[in-house]
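These are the structures, in structure tokens.
In the two assemblies presented below, subunit A is common to both, partnered first by subunit B and then by subunit C.
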Partner chain A sequence: MSDQPLFSVRNPWFGISVGVTAAIAVLSAVAGLIWLPLAQPDLKLAGVWDAICSAAGVPRAAVQEASIKPDFKTSNVVMTSEMLTKADQVSIGRGATLAQRCAICHGPQGVSDAHSPNLAGQFAAVTYKELNDFKTGARVSVVMSPFAAAMSDQDMKDVAAYYAFLPRVPSNSLDTGRPAPAVVVTGAPMRNIPPCGSCHGDIDNKAGSPWLGGQSAVYIKAQIEAFASGARRNDISEQMRNIARQMTAEEIDQVAHYYEAQP
Partner chain B sequence: MLTNKRLIAAHFWLAFIVFGAALVLGAWQMFVRSPLNTWHFNPEFYYRSVTAHGSAMGYVFPTLIAMGFGYAITEASLAKALVGRRWAWAGFFLVAIGAVVAMIPVSLGLASVLYTFYPPMVGNPFYYIGVVMVVVGSWIWVALMVINFVIWKRDNPGKPVPLAMYANVAGCLLWGWTAVGAALEILFLILPVALGLKSTIDAGLARVFFSWTLHAIVYFWLIPTYIAYYTIFPRAIGGRLYSDAMARISFIMFVVVAMPIGVHHLFADPQVGAGFKFMHSVFTGLVALPTLLTVFTICASAEIASRLRGGRGAFGWIGALPWSNPIMLATALSLVMLGFGGAGGLINMSYQLDATVHNTQWITGHFHLIFGGAIVIMYFAIAYDLWPHLTGRALDSFGMMCTQLWLWFIGMIVTTFPWHYVGILGMPRRMAYYDYANPAISPQALSVTMSAIGGFILLLSGLLFLLVLIRGQFGARGEAGAYRFAVPLHMPARIPLALNSFGLWLALMVGLTVVNYGFPIAQLMALNETSVPAVYVGAGR
Partner chain C sequence: MATETDHGPGEAVAARIERRWATLSIVIVGVLVGMAAYIGIHQATMPQGRVETADPKTLHLSGEFIESNLGSEMQADGSVTVRAIGQQYSFTPQCIVVPAETPITFRATSADVVHGFLIEGTNINTMLVPGYVTDLPVRFKTPGDHVMPCQEFCGIGHQGMWGKVKVVDKSKFRDMAAAKRRLTCVD
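Our next item is the complex of A and B:
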């Protein structure tokens, strides 16, 4: 028996092993690709070939029902973690000139006490995204929308690069000894709230999440409340709205004052 | 006779040093995420630690054991010095350097991607380069084992290749082919993104490639254990192997069906069709066969040994087994853990049942029971068995060895049974923090505390194991004689060509891979717009 060539139908080891393996493969394919899909009434298959394509994972056109469009504009900015991290000097310089019109609220050095966001040292991608959302109408503000409407894409990138270039200035309420609220460090898993720090610094920073240290508590609180009420809805995939809706009034207050006291 | 003792000992020592370090991390992880710890640390450290623990335990430790044991088997079973000694050392250093290269970015927090490194998470390129170096180092071993196998067969035409070597080469071939999936994933999908040449990645295709490696790697870890069952255990208890042919068929079945089954890790993934998931599920079920064959053959071999020692009765022979022998004890405990772990595995491989436990702590419990329990306890046994031959000194602290093995068994059961249970309660895996004060989670607190205690028992057992080995380096000098493997009840003079070669089985392995993976991979490669932006771990720090 062992003298026969291995790859030969006369060798029983070859015939049996290949036969059994092929039989199992064919049977499982027939069951998985034809029988089981056809046995499921919900799949609404047109026939055997349709069943095979469906079970093999060939993309099929979705059922043609009109998708429900939101009655408001959504943000069209795609965020990536490397986005706008490498600014050139020309862009920063142009941004500095353009930013003069922002200084009345955001301060000549990107810092102000007007309860508007402090932009000095803010990530360029964040400033760019907000300007873009003001321009497209995904975020609405009586003050900001008219400013953004007139800006070109390059203008927005330049302004964002300039503010990212400015050094962060510690706020007047700086208090680094202040203990971090639980929602910042651990979130609230059972309410689906991730830790604030996992996106907004402290623990990790995720693309598109602003640096919150030193921002006005009044501003932070107003924005979380706007997310919770749905007045602000330019957060991608509704992530901040889902979080803000689950936060208690006390937590919102704690978070706002905690971040104001951070560098 | 072992000639390259330093080479073999180097592999085992490095493996166990890595194991010891990763074990400490594991115990720390068990502690910090249990109710025993009040929450006061950066959760990022937890993910760093899990990445280091998983990469060390999954990639470095078993690979070094398989390599070291493979070299020992080659020299002892073929009764000649290893061909390619310098290449073997090169492979060893590649693995060692690769492990360091991978661990530096992990410790710096630049690659907390966990050992499965699922895209779109992308970490520091050196992590992946380190993993590739480990794999390439092990491929050198694969090549050397095949070369030694071929040379021996050429010099001994018609003679059956010793079972240990045959099984060893089966493991090599399985690993050589199964590592290709992750290698393709790293080289063509992840590294271009990690190096900054691209910013998007086809996460679905990457996960399919990884599943190609992820399941069969378990059988690569398992093969040394099975070799120990078949070729060390019967000899160590003074018996004979029940059937040589049955053993070969088991290893052959692993080669053929262990690989085209990995999609059962992707049951919840949308990018693979349900039909292919079903096919992989069927073939996963088939892998239970070689294990059932093995359990039968090993129990039969134990019965032979017991009856030779005077054991009687339908079950009375079990009491007559040499229970104070560490190899006997390790094998029995290993089979118990394999039984429980295997039963859990049958649940994981069932397309519908998996839905209830997918990505819960059940899965963590399952693979710790199988790998950490059934497999690693036999790695201990292999080391105990081989140590006197490597050191030329007696290893006679049998009481310590048995205590260590019992502690490992108890620790693993106490760790993994509550893990399975909280998994059924729905506790997700891979989370640094659970709010046990919450009424919905608080019923899990007791079980998680128990499993953390199990983790400390395992740590104690691991330290005891290292202590036994260190004592072995300073024991009384004594020649251990030639290293022998178990002799079958009926020594085959001639065996069928199919059971003495791998051509047919390799063809079936590759053929089944094409059948089960060909279409899903080809389709994902052909589809447009399947890439997503990469999420760089540690970016912005």
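Our next item is the complex of A and C:
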């Protein structure tokens, strides 16, 4: 036997083993690519080729069925974690000029005691998104909506870049010694409340979530309550309503006063 | 030069043993393939039949995953389709309501990173991968409440990402579906 070539069609061992292996492969392929997909009633395949493609994992866009449209405006901003993170000097300069009209409520330095949000040092993506939502009507404010209505996309980017460029100024209520409430530190996992800082910048920042330090407690409280009641719905896919709904009145109060006292 | 016959009984024994072992391994391979096929047909462990894509950045703009289209939908054939998304750090809808003893299709995806979709007390356990739609046929035997924790580390707030699933009586669900086209149990 030693003089016979091992890999030869005349070697019956070789022929049989290759043949059996190939047969198993073909049978498995037929079973896996054609028979099993066709055996799935939910799959609604168009034919053998469709079965092969779907079993092989050829991606295709989800079939668009008629979906229920919302009876209110939702945010149409496409958020990405890298958006508006690169400061552009020209944009900041233009924004500084445009921001003069914001100063009456938001302060000349982006800080005020008027219970309107302090914008100095706010993430640019946040200011941009809120302006956009005021413009489209996804967020409604008697004061802000008319201002945003006249702004172009570039205006909003410029104003956002300017306020992101301004240094954060601690509020008059600064008290860094104030102990953090439990809901800020650990959240309440069983109620679907993660720690606030996992989105709002103290630990990590989810694009679109504002920096809360130094904001007016009145404003923070009003917004969480608006999210909880559904009066405010411009958070994409309910990302904040889901959290706010689960918070108790006491927790909302604690959070508002804690963040007001932060830098 | 040696020929096959020169080896006498030794050669024959070796060939017989080799044939038996080869047969045994073929049988093992055959059993494994058959087992995979059987489980695929008769148990709910079939991998997803189709790969469908959905852009995670624009889920909220159009398509089946817009906010107002999420929740449970009663289909004409009596089955129920549930659409949901996972995002940092919640599921929307936060509370999913489904009927017992009814074929249900979960269609879900992620708006940002990989999330886990696991319903406690059932064998429902899959992943929500950004860019792809997870499509899972399931059936709940009895009414009851289940928790649905994200079981795939998705970021620093991962441990706070919990949803709920409420399985209700079939007729109760039908009454609910008559009043509203997309159902959730979010209060």
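As a convention for this text, the second predicted complex is superposed on the first by the 221 of 263 C-alpha atoms of A that agree within 3 Å, B and C clash if a C-alpha of one lies under 4 Å from a C-alpha of the other, contacts with A are read in each partner's own complex, and residues count from 1 in each chain.
Following the convention adopted for this analysis, a contact is a pair of C-beta atoms (placed from the backbone, for glycine too) under 8 Å apart; a residue touches a chain by one contact, two chains touch by 3 or more.
Since we're looking at a predicted model, the values are computed, not measured.
Which of the two partners, first being subunit B and second being subunit C, lies in contact with A:Asn205: first, second, both, or neither?
first
With both structures placed on chain A, which of the two partners, subunit B or subunit C, ends up touching more residues of subunit A?
C
Could you say whether A:Ala150 touches subunit B, subunit C, both of them, or neither, answering first, second, both or neither?
Neither partner.
First (subunit B), second (subunit C), both or neither: which does A:Pro59 touch?
In the superposition, A:Pro59 contacts both subunit B and subunit C.
Which partner does A:Met190 reach: the first (subunit B), the second (subunit C), both, or neither?
Both partners, subunit B and subunit C.
Mind working out whether A:Ser67 is in touch with subunit B, subunit C, both or neither, as first, second, both or neither?
After superposition on chain A, A:Ser67 lies in contact with subunit C alone.
Name the contact category of A:Phe14: first (subunit B only), second (subunit C only), both, or neither.
Touch status of A:Phe14: first partner only.
Once chain A of both complexes is superposed, is A:Val78 in touch with subunit B (first), subunit C (second), both, or neither?
both
Taking the superposition as given, does A:Ala29 touch the first partner, subunit B, the second, subunit C, both, or neither?
A:Ala29 contacts subunit B only, not subunit C.
Is A:Asp42 in contact with subunit B, with subunit C, with both, or with neither (first, second, both, neither)?
Only subunit C; A:Asp42 stays clear of subunit B.
Take the contacts of subunit A with subunit B and those with subunit C, and give the residues found in both.
1-3, 13, 17, 24, 28, 31-32, 36-37, 54-55, 57-59, 78-80, 188-190, 195, 198, 203-204
Sort out for me which residues of subunit B touch subunit A in the complex.
Within the complex, subunit B contacts subunit A at residues 39, 42-44, 196, 199, 256, 271-279, 282-283, 286, 431, 433-435, 438, 440-441, 494-501, 503-505, 507-508, 511-512, 515-516, 519-520, 523, 527, 533-536, 539-541.
Once bound in the complex, which stretches of subunit A touch subunit B?
Contact set of subunit A toward subunit B: 1-4, 6-7, 11, 13-14, 17-18, 21, 24-25, 28-29, 31-33, 36-37, 52, 54-59, 78-82, 185-186, 188-190, 195, 198, 203-205.
Which positions of subunit A touch subunit C when the two form their complex?
Residues 1-3, 13, 16-17, 20, 24, 27-28, 31-32, 35-37, 39-40, 42-43, 54-55, 57-65, 67-71, 74-76, 78-80, 187-195, 197-199, 203-204, 206, 236-239, 242-243, 245-246 of subunit A touch subunit C in their complex.
Which bits of subunit C are touching subunit A when the two form their complex?
Where subunit C meets subunit A, its residues are 1-2, 4, 7, 11, 18, 22, 26, 29-30, 33, 37, 40-41, 46, 49-54, 57-61, 63-70, 85, 87-94, 105, 111-112, 132-133, 137, 147, 155-163, 181-182, 186-187.
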